[in-house]
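Just dropping this structure here.
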Amino acid sequence: MNISFIGLGKMGYPMAKHLVQANHQLEVFNRSPSKSEDFKRNFEQCTIANSLTDCGKHSEIIILCIGNDEDVRNTLTGKDSLYSNLKPGTLVIDHTTTSAELACEMQAKLLEKQVDYVDAPVSGGEQGAISGQLTIMCGGQALAAERAQGITQAYSKSFTHMGPIGSGQLTKMVNQICVAGLIEALAEGIHFGQQAGLDMEKVMKVVGSGAASSWQLQNRYQTMLEDQYDFGFAVDHMRKDLEICLKEAKKMNTSLPSTAMVDQLYGELQQSGHGQLDTSSLLKRLQNK
Amino acid sequence: MNISFIGLGKMGYPMAKHLVQANHQLEVFNRSPSKSEDFKRNFEQCTIANSLTDCGKHSEIIILCIGNDEDVRNTLTGKDSLYSNLKPGTLVIDHTTTSAELACEMQAKLLEKQVDYVDAPVSGGEQGAISGQLTIMCGGQALAAERAQGITQAYSKSFTHMGPIGSGQLTKMVNQICVAGLIEALAEGIHFGQQAGLDMEKVMKVVGSGAASSWQLQNRYQTMLEDQYDFGFAVDHMRKDLEICLKEAKKMNTSLPSTAMVDQLYGELQQSGHGQLDTSSLLKRLQNK
Amino acid sequence: MNISFIGLGKMGYPMAKHLVQANHQLEVFNRSPSKSEDFKRNFEQCTIANSLTDCGKHSEIIILCIGNDEDVRNTLTGKDSLYSNLKPGTLVIDHTTTSAELACEMQAKLLEKQVDYVDAPVSGGEQGAISGQLTIMCGGQALAAERAQGITQAYSKSFTHMGPIGSGQLTKMVNQICVAGLIEALAEGIHFGQQAGLDMEKVMKVVGSGAASSWQLQNRYQTMLEDQYDFGFAVDHMRKDLEICLKEAKKMNTSLPSTAMVDQLYGELQQSGHGQLDTSSLLKRLQNK
Amino acid sequence: MNISFIGLGKMGYPMAKHLVQANHQLEVFNRSPSKSEDFKRNFEQCTIANSLTDCGKHSEIIILCIGNDEDVRNTLTGKDSLYSNLKPGTLVIDHTTTSAELACEMQAKLLEKQVDYVDAPVSGGEQGAISGQLTIMCGGQALAAERAQGITQAYSKSFTHMGPIGSGQLTKMVNQICVAGLIEALAEGIHFGQQAGLDMEKVMKVVGSGAASSWQLQNRYQTMLEDQYDFGFAVDHMRKDLEICLKEAKKMNTSLPSTAMVDQLYGELQQSGHGQLDTSSLLKRLQNK
């Protein structure tokens, strides 16, 4: 299959690699060209698009893994975008975490050119991208979702069609809402235990065997105890996602008091210059280190 | 072994039953005598103590599973308590969730009579008590903890000696701190998804397969979706525990912003007359049902 | 002076009236024409603009008092806006509460036509507009601010030039941040006192005479005690303003934990259908009425 | 009148001074005797009680201005207290901020000796004590309150009988609840304005002239802007008071989400070693200085 892959960041690069290894013919584009060149050096069979206006001309599938709403809008429909290159029957798979609104807007614009669009944010982080074990939450029309599933199996362990356009993004928001408050609770538990002088390795094993257990506890407590915060999703990214969640919630008159508070606590980490630490660094804030 | 078991509530009753089935000779006491009588009807080989001043005279082990600090203090050392019956070498195992301070105070008072005391709060809930699969977090002297482990294996799947007296209680507090904020985050995620009109069964399966997963998500999302809140630990009990956590934290100059907020949200549930619902009813508050 | 006044809402209508009474020659425009017609009936000397493309052609001053960023952008620079009518030397005074960013954007676009722009949000509410006693916080160039002050004295008791463009909006945000948390604190105090069964009239008089006193306490406690919430700024408007505050704060890496929480509590009021009550209705939420 | 005054701290010392100056015959007692001796040096006509068991034997009025519930209990009814010295007809005026429960308990115990007791916490701070301009909120029987008013007018500008025993304390709690959230809101407003680069002197003057105004804004903004936090009530004392508020609220099933959060933020200040700063230092926490 001819695929254009746009966005070779920490997530996109390994995802594109899995597509090459699944014998797809890849065209890659990245805003800063050095990453495309690096990718080309490693995977010679791929081609590089030098600009968006060159991109996607011969592709049946276009995959995006970029920054935010504005990036997606500019890439797909902006001035000097690839909009004019889009042919009827193309499928755009958008792995960017965006608002549900953006997904609706993109679908509408692309349908004018008989191009399909699915919102398909992922979870599983950098590790999942590297190991090809991402979880994909997809919104859009059923047939488009089915096509997307076929392609993305190269780098995913699970793919779920959540419902109409935007449903993938809304599901990702549920995920981030659940994660944010959970990490703060875990951080408060660890902070309390440390201040009390407990043997925290022991405590986490006991606590992690019951009703307080969570993926975050199992996978992060040790690095948290070691004051190590470079194991995953960064605070800066989390805040971008929580902004989308809180905005969407506001539109629905849905109150999220804990999420809003944790968002502010992440803001305090950013203010202290810790925006690049992983999300479990809420412990660091509590420790005032 | 001759054991006195005090407190035949939802937790204590099945725990005592496991001790009888492990062939221990049990004396039981409960503030309201009807429960002791019921227990006696089911397990004829046990004896009933009619008052605390009669209780423990022939026991090597005394086990408590009662309400709060004040109950423990009154039972062990108060006026008309079993204090005068305590013989050197007795071990008191306290399964009540109390402050760490109370544990220190009890140990000190009992040591005057050469009686050992361990604080041994449990997790696993009513289900764990019934199936004999509780998790026990024990604080106290090593030899006393070892004795307690031998006895309590009748109803536990794990027993950990956490450290000196009070460490069991402090570990339980870490557990409750981790749980409280986690449930609110889960509730906010579900509330958001419901308001967005998502297929929540699908969403919870996807979200539950990754970094947002937790024991609470796996074991409570279905009942939460069904607006069913009689599956475990009650709001009223959680507030009692969180009061202990926040008081202890205050003594240690340890800030727990999310825990304090969730404690107030539980307070709103109580104010609405929902103190007997299980802790996952934070969703109900968000839904304003 | 020839003045175009755009936006005859609860605030704008009485402000425009003060301008007429100060003998200015007014042209008015309102999205729904019935309000313009009503105004014309009361003040015959004014003229009505039937559309934005007709508006401002003969005016030296254009005053806006409308909804939000998008409204201002559409009015001044959008398709079918009054942009093409703007003559060099005109001054646009924008009383709308918007983001600081919008103010910068508008100033830049209007300067291309040698038109001056000041952001000039107000405080003092409907009462202040009616009595002509508003407080104006103005951002922009000094000379433009001075011109604005001369005109707006018809309906203001104070006018302060806060600094460069956007400073008026930023000052208004400081105001709203201070107000939001203050009202919640007041509501919690009253709620506590009511639950305790105190004579709240007496309590408010004592408490209001010292370090807990505030404009809100003095001016709202009686209506709060009477469960009356139609005395000023509505919850829906407050949420719009707080959204601007929190977004601006996020851009500056500035954490506002209390503001974020109170914003969510206002969201709960909206969810309960109380978006049109005044901001002191946070008490109602606490009372769960 | 023969008066025993117990507790010559920052508040008590100047209050006692006003009583001497009003020509009362004073006996003073302080836990650390150096303060009593200093007082005696300044006011020779007074006498010093060397111990509580010596204190109050010849007094018609006993005034307390000490630390907390436990201190009051020990002073009035504990071992080596002045309990045995109390004569029928004596009036105890307690200016300590305590729980309402303590007030009820003390009244009951003292009534056994036909001694009257009123809870009479004050506001107005050290400045108010020095200038004799305190505000007194009194709970207790009407006649006792009337007697208390006569005596305390030496150092108060207002005295209100709030209702039955404990009502003074509950009123003080309303005061502290209103103050805590208000200061955090003010701190967030100032922090936001500073980060935005506004001229904060100007901003505070404008904001302070309208609906965001408060005693705290008027009296603390300048010292806050100067990073000066030694102008009044300390964080450590506020946390003690908020603990009483939150405990009382919990008993009444009354949720105080903002108060609980601000209490934790004060906890972060204590954790950073700032417990002796005044309550407006919430700004310092936001600034992460």
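Every chain is named by a letter (A, B, C and D) in the order it is written, and numbering of its residues begins at 1.
Note that contacts are C-beta pairs under 8 Å (C-beta built on N, C-alpha and C of every residue); 3 or more make two chains touch, one makes a residue touch a chain.
Chain-to-protein mapping (UniProt): A, B, C, D = Putative oxidoreductase protein.
In this text the structure is predicted, and so the values were computed from the model without any measurement.
As for how the two copies subunit B and subunit D face one another, over half of their interface residue numbers coincide. Between subunit A and subunit C, the superposing rotation on Cα atoms measures out at 180°, rounded to the nearest 5. Computed centre separation for the pair subunit A/subunit B is 40 angstrom, with centres defined by C-alpha atoms.
Rounded to a whole number, the gap between the C-alpha centres of subunit B and subunit C is 53 angstrom.
For subunit D, the set of residues touching two or more other chains reads 249, 253-257, 261, 265, 268, 271.
Those residues of subunit D that touch subunit A in the shared complex are 257, 261, 268, 271-272, 288. Contact residues of subunit D toward subunit C in the complex are 100, 123-125, 135, 137, 158, 160, 162-163, 167, 170-171, 173-182, 184-186, 188-193, 195-196, 198-199, 202-203, 205-207, 209-217, 219, 232, 245, 248-249, 252-259, 261-262, 265, 286. Residues 239, 243, 247, 249-250, 253-257, 260-261, 263-265, 267-268, 270-271, 275 of subunit B touch subunit D in their complex.
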